[in-house]
Amino acid sequence: MAGVGLASAAWPFIDQMNPSSAALALASIEVDISSIQPGQQVVYKWRGHPLFVRRRTPKEIAESKAVDVNSLPDPLAENANLPAGAPATDANRATKPEWLVLIGVCTHLGCTPTVSTPQMPEGDYGGWLCHCHGSQYDTAGRIRKGPAPRNLDVPPYTFTSATKIKVG
Amino acid sequence: MSGPSTYNPKSGFEKWIDTRLPLPRLLHDTVHTFPTPRNLNIWYTFGGILTFCLGVQIVTGIVLAMHYVANAGLAFDSVEAIMRDVNYGWLIRYIHSNGASMFFLAVYIHMFRGLYYGSYKAPRELIWIIGVLIYLLMMATAFFGYVLPWGQMSFWGATVITNLFSAIPVVGGHIATWLWGDFAVGDATLNRFFSLHYLLPFIIAGVVGLHIWALHVPGNNNPLGIDVKSPQDTVPFHPYYTVKDAFYLVLFVILFAVFVFYAPNFFGNPDNYQPANPLVTPPDIVPEWYLLPFYAMLRSIPSKLMGVIVMAGAIVTLVFIPWLDTSRVRSCRFRPLMKQFFWGLLVCCILLGYCGSQSVDAAAFGIIPLVWVARLATIYYFAFFYLIMPIVGLIETPRKLPASIAQSVLGDTAAASSSLPAE
Amino acid sequence: MRLNKTALGLALGLMASTALVSAASAQETTNTTRLHPKDVAFSFEGPFGTYDRGALQRGFQVYKEVCAACHSAQHLAFHNLMEAGGPEFSEAQARALAASVKVPAGPDDKGNTTDEKGNPLMRPATLADHFPSPFPNEEAARANNGGALPPDLSMIVKAREGGAEYVYSILTGFHMTPPKGFKVIDGKYYNPYFEGWNISMPPPLANNSVTYSDGTKATIDQEAHDVVTFLAWASEPKMEERKRVGMGVLVFLIALAGMLFAAYRRVWKDQH
């Protein structure tokens, strides 16, 4: 009886530390992708993290599809929209191949990787280079080289129209 | 040594208070007449220095809290307003920030003193364990405090360290969210860190009270590591140690003042003068110097979870020291073999601190990766406590102990004639 | 005897770690490609250093006429310009400097914050106002500067490794020839004192960018020296007071230490 009373009394004090309703309201954002050009990345803020939305060129898509998934340091899709064990094929990383939606947080120690463009290449795989400790990601955001253990995470998202993505 | 009280209230007023709240009696017994070994050296003054540091941090901290605003959009500017507009705000802020460094400098000296002279050995095990608890509380307080200015290093240091909790399997992510109050370090995190940063120093003060109370049961250890055998071995705390502690305290404060007035940002990181930006990561994220050795241990282990376990283990190990050391002799003055390993531990901690301050891929002389230096130093650290302490205690031949403290101090005229008292 | 062995052990240990430390830092340049900042003498260096008033006033002129077009200095307020330890303009001069700058005005009596054309209402600044930013927000700043954000300069000297010497080296580090094979990115400029050697800021200073009212010859070095002195003050306006109070505190503490040492020897005299 006393235990139940104590636990019930304690719970509000513990739960108050969990995200408030104000924080939860920001948990979802809708982004307009209509003005993003092929080869361009736009960075948004989602749940306090950078969100990368990249419109891939056909060359970047082809490069990504040509990679043998079994040769990857992390062969899992790391896609919140798919079941846990899904492999890191290009289709499992970008449901619409032209659009890559990633959480821009390096899976090593949390730095923000720099995007690679033809004018300013970063890393050897055409994707991203994390300047903190040298992790390199490819054009599907998969880790290829360096200390990061996992591919860049794909957040839960859906296309609410041809030009709008809802994330979270 | 705790014994019957020697307080004798003379005036009517003293007697009136004594029968109602025996605080003067307590002070008299613990600070005035307390029998203290006569051979305590400079390394024994740091307990008093630490109490001074705690007082300084609390006073300057409360004053800063009159002007600081714990809101992610206003915190950085409120600190700058303290530095520029608040009368003597610059002074109070610099005392507080440098005071934290001085506090840790003193605590490390205090801890190494305890290791060298065997102050953790029976019957003082609990004093040592309470001390480890104080150390843990200090580290938590300092970590929360560093986040408050909401600079780049504040934010990213908080991000890296709180992210460690997500390494815990299954519940890690939920614990991290619960700690943050959001999906990443943000305003909710800042506010609660301020609340805890204000709370913990008072908890520390209470635990320090327990620490001193536990100390006053057996009384102080001393550099010879031998027990007090007669009143000739001790002197009353006042005036002998009040004046000695005061003198060394002033020397410590002189060092403190040199930093505050002439190198106030020596211990700091320039990146923390940039406002926090969740979208831009600084190239090198480093904690304050006093946390660097543990940071080095954390980064030297390839696996995130194992790194956390090793780092936590390094601190938890300290609790077991009274039982890991098998020697019957307390002080390293009489333990020629252990003494060498002690210096090795000191060097290893300094090396770890250095490794923690550098980039993960830095290399000594261009060829020895520092991550390997950190790994070797981490191995030595654990080997010191789990292998060297138990084994050396059993195989070592200690030097002959003097018959008593009094005999060692008063009989040794060569040491007495040096400018400082017996070491 | 005991003291010597302890001291020897400690010294050896410290020497070993110091050797490793200095060797490692000498080799540590693998991470920073930028050149080490130039070794420049400033009047405010050292425990007795102060800010040169002339340099502060000239430096403020350089900030106002050159840097303020892109760089904010939002922690500085106009009243700081007349306070002790800084440029020490007279109150009248500081008021005039403030009044020459426009800041957003509050709502008028009808509650409007914009005029008929839709432009924000502005008013002359007063001593209480902080230096206004050249851009209303980060996005506007980036749009006007090729995507790069000109950092706020209030704390720049404290916010960069290398401090005043670093900022001086950047300002005087343009006009150098890039090494063979180094590609200067389009739209950026070569500056070997900046990490990566590609800096987004165009060379801000030229000979006679400003005309100093005290007649000093305005070479790039002079302008850089003056504006860096001003920016050092902007980062640490209380520096002179700090060093002055520090001297008093240290003298007092040393005297106190002396007295306590005498007391200590007296108390312990018969215990040896």
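Chains here go by letter, A, B and C, matching the order in which they are written, and residues are numbered from 1 within each.
Rule of thumb we're sticking to: a residue touches a chain if its C-beta (ideal position, glycine included) is under 8 Å from a C-beta of that chain, and two chains touch if they have at least 3 such contacts.
Model, not experiment: these values are computed from the prediction.
A.B. asks: Using mean Cα positions, find the chain sitting nearest the overall protein centre.
C.D. replies: So the chain sitting closest to the middle is B.
A.B. asks: I want to compare two interfaces, B-C and A-B. Which one has more contacting C-beta pairs?
C.D. replies: It is B-C, judged by the count of C-beta pairs in contact.
A.B. asks: At what distance in angstrom does the C-alpha mean of chain B lie from that of chain A?
C.D. replies: Inter-chain centre distance comes to 41 Å.
A.B. asks: I'd like the Å distance between the centres of chain B and chain C, where a centre is the mean of that chain's Cα atoms.
C.D. replies: Whole-Å distance between the two chain centres: 34.
A.B. asks: Tell me, which residues of chain B touch at least two other chains?
C.D. replies: Counting only residues that touch two or more other chains, chain B contributes 283-284, 361.
A.B. asks: If a residue has to touch 2 or more other chains to count, which residues of chain A qualify?
C.D. replies: Residues: none.
A.B. asks: Could you please specify the touching residues of chain B with respect to chain C in the complex?
C.D. replies: Per the stated touch rule, the residues are 38, 77, 80, 83-84, 90-91, 94, 235, 239-240, 243-244, 246-247, 250-251, 253-254, 257-258, 260-262, 264-265, 270-271, 273-274, 283-284, 333, 339-340, 343-344, 346-347, 350-351, 354, 358-359, 361-366, 370, 373, 409-410, 413, 416-417, 421-423.
A.B. asks: Over in the complex, which chain A residues touch chain B? Could you list them?
C.D. replies: These residues of chain A touch chain B: 14, 17-20, 23, 27, 43, 45, 47-50, 109-112, 131-134, 147, 149.
A.B. asks: Along chain C, where are the residues that touch chain B in the complex?
C.D. replies: Touching chain B: residues 2-3, 9-10, 12-14, 16-17, 20-21, 23-24, 27-28, 30-31, 47, 75, 80, 151, 154-155, 158-161, 163, 195, 235, 237-238, 241-243, 245-247, 249-250, 253-254, 256-257, 260-261, 263-264, 267-268, 271-272 of chain C.
A.B. asks: Inside the complex, what are the residues of chain B that reach chain A?
C.D. replies: 156, 159-160, 163, 177-186, 188, 192, 278-281, 283-285, 304, 360-361
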